[in-house]
Amino acid sequence: MTREGIVNALVLVCLVLVPGWAFYAGETFTITLATRVVILALAAVGLNIALGLGGLVSLGHAVFFGLGGYTMGILAYHVQAYEPLFEWPFLFEGTKSMPAIWLAAVVLSALTAFVIGLLCLRTSGAYFIMITLAFGQMFYFFSISWSAYGGEDGLSIYVRNGFPGLNTLDPIQFYGLCFCVLVVVLWFASRLNRSRFGLALNAARQSPERVEAVGLRPFHLRLTAFVISGAVTGLAGALFADLNRFVSPAMFSWQMSGEIMILVILGGVGRLYGPVVGAIVFVALEHVLGDLSDYWHIYLGLLLLTVVLFVRGGLIGAVTGRRAAHD
Amino acid sequence: MTEAVLETRDLCKRFGALEVSKDVSISLRPGEIHAVIGPNGAGKSTLIKQICGAEKPDDGRIYLLGEDVTHLSVDARARAGLARTFQVSALAMEDTVLENAALGVVGASGKAFRFFRPVLKDTEVLSRVEAALERVGLADAAGKQTSELSHGQRRQLEVAIALTLAPKVFVMDEPMAGLGAEGSKTMTGFLDGLRHEAPILLVEHDMDAVFALADRISVLVYGSIIASGTVEEIRADPAVREAYLGDLS
Amino acid sequence: MSLVLIAEQVLNGLQFGIMLFLMAAGLTLIFGVMGLINLAHGSLYMVGAFCAAAVAGATGSFLLGLVAALAGAALAGALVEIVVIRRLYAKDHLDQVLATFALILIFSEGTRWLFGSFPLYLNVPEYLSGPVTLPGGIEYPVYRLTLIVIGLVVALGLFLLIGKTRIGVQIRAGENDREMIAALGIDIGRLYTIVFALGAALAGLAGALVGAIQSVQVGMGEPVLILAFVVIVIGGIGSIKGTLIGALLVGLTQTLGGIFLPELMKIFMAPSAATSVGASLASMAIYVLMAAVLIVRPTGLFGARA
């Protein structure tokens, strides 16, 4: 087992043991924090597929996070308010079932990522960064101005949505569910990385002319990666909304996009568990520093500057001392 | 005369006032090595780029296996059977040698959109990759990270990737560069046999290799083909001696 | 809807666009010369506004406030360039994005720590308040008209600076060929600091000028920054002319879209629904414009490189 493998295993063990301890100790708040870690990690795993494998510096992933959130919010709101979402061609009252919500969130995010990707991937470099950021802002302002679903105030969903066979109102059960989703997605991401597609996408990041010369279109590879990436982040958004039982335009904000990216970088770009480590560190900092000072973002900013300027390969890189490899 | 596998007809390309290709017509027949030589700045690189699709000619046509490919993209030409090697290695430097070669197999198979099965556990892919690496003499370096390879080994990997494509035509941009005397000899011997799998359009500075390998030679000077013929004809051509070979002595 | 109202909205759009130009010009210069994508440009806008509000509040002089905005933002820009930014030129865009994102966090929280979370107010001076009657009977605030004039003067100054002066020659050389300016014996480090400080001063000026019509608060810079990005994408990176045209297009689209789209919707639906749908569409209008430009010209209207 490589050192990175050991670190990864330790991370997973932590994510089982800490909430397990919190459950027996009755520390509900710690369980909620752990749930936040797992969901943010999932969002960042999504971004890491575009950013780490594809080299696509998207500063607009809050679009998908927010879409996932609003998918949950809108579907559940209609049930809560007894107003059918639509009556034609058939009566649809919305849903409070997580699997249905997740499916809708993934499909909607993927479709949106396809359209945005189609436009943004015509460009590269700094243009790509600015355009993804701009599209994020478009969704943010749209959500503010769309008064039917709360506008600036957002939407509250009073009762958490259900999952067959589970009591999702119990924090530890909801945590377990989110953790399982993360593990499944991590497994999928590791398979993706080693698949034919992963190989080609990795190569397209490093040498697009080579990829063309073997008969593949870098554009198609990148667009596919962007769609998968957006779908995963959208799923995380639906879970995040369910954790808070609240969605608001803040999920679409550029700060959100920036935070998701920070999670990836803190842990290490292109490393399978980088986003997970990043999320643990981020939530821990938010919690610890947030208690110490109202201005904890200053310290976060200084830490981030240090990592960018001095630590190659993020925290996992600093611990394992090895560059990211995908085997 | 058998039909040409690859052919350009009256290619013209200019960058501003500079004409880099002037009515360039060359052809490549089955089983032959056709070398394009010329001094630096003669327009060899731009010619290769037009043939491979990275630059669009202003005028003229390009045929691959009798089909007009003038307006096809780089990747479409690759799928149609054209394999190129790059003058400055274009490889995925963070990946292993094996992975780089596997990319060729994945591209050639047309099945890049498979998201689940690990590509390096696919025995069919592996056997083709290993065969190609073996043929260019890189089998021992398969597990190495590409950035650790020597300049010459990168050349060999370029050729190995081209082999994995099982192409109809090879277009090779200075495959001997940086190989050293011994490596050059090995590569020359290898290309000599390769011509029977698919003909090779060879751009090369190493004159020993060119005279040893080429069935035909075209001499490109300031964007124009000033002479075209067998090795003997080119050696004897006074215009070539003046414009180009004279430089060497 | 009267012609007067339309003319007024066009002027508002111009005023908004010209302020965007001040932001975007600095960004595009910094990108063109140093190849740096700077998210912290919005922070410099905020720094300018806070300097102006603090100094104008203390001295009672709006003009001194403007001077403070220019000097404060330029100083902050130069300082940031020397301490952090110059370490980023050789790094990739991802590192630049993250480091400048970190700077936003530091600037925003630092400002909140110094000034608190409540907005400050910067008052329009007596001699610039009130309306003026323009030809055609259009009543328009003097202050907003002044903004348009100041913006146009700065734009002209910028064109002259880049077109006619020694430093302009160096900037243009830097955009085309970084090695060449080193070969010419120009001190690149100093040139970069000057360009960055110049961009910062323009952003700070915009922040102070706009701060007098809106409130001065933490986080005021980033929405403007993102609009400035839209401007650059439309105009083309590195082109001052493209930036000016892009800025005016965005300013006019944003302002006129907000007025006309709800009116337009009233043709199709009930007034209350039309207002809401129109507002939603208006919020998207500039991004649709950006998407349209991208489809036609991926490198922007006047952009050369990808």
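Lettered A, B and C in written order, each chain numbered from 1.
The rule is simple: a residue touches a chain if its C-beta (ideal position, glycine included) is under 8 Å from a C-beta of that chain, and two chains touch if they have at least 3 such contacts.
Worth saying up front: this structure is predicted, and the values here are computed from it rather than measured.
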Subject >> Touching both chain A and chain B (chains) >> reply: none
**OP:** Please list the single chain whose C-alpha centre lies closest to the global protein C-alpha centre.
**Re:** A
**OP:** Compute the distance, rounded to whole Å, between the mean C-alpha positions of chain A and chain B.
**Re:** 44
**OP:** Provide the C-alpha centroid distance between chain A and chain C, rounded to the nearest whole angstrom.
**Re:** 31
Original post:
How many Å are there between the centre of chain B and the centre of chain C, using C-alpha atoms for each centre?
Top reply: 50
Subject >> Residue ranges of chain B touching chain A (in the complex, touch as defined) >> reply: 52, 54, 73-76, 78-79, 83-84, 86, 90-96, 99-100, 102-104, 106-108, 110-120, 122, 145, 161, 165
Original post:
If you look only at chain C, which of its residues touch chain A in the complex?
Top reply: 31, 37, 84, 87, 91, 93-95, 97-99, 101-106, 108-110, 112-113, 222-223, 226-227, 229-230, 232-233, 237, 276, 279-280, 282-284, 287, 290-291, 294-295, 298-300, 306
Subject >> chain A residues within the chain C interface of the complex >> reply: 51, 57, 59, 119-120, 122-127, 129-131, 133-135, 137-138, 141-142, 144-148, 254, 258, 261-262, 265, 269, 295-298, 300-302, 304-305, 307-309
Original post:
For chain A, which residues count as touching chain B in their complex?
Top reply: 191-192, 194-200, 202-203, 206-207, 209-217, 221, 224, 228, 323-327
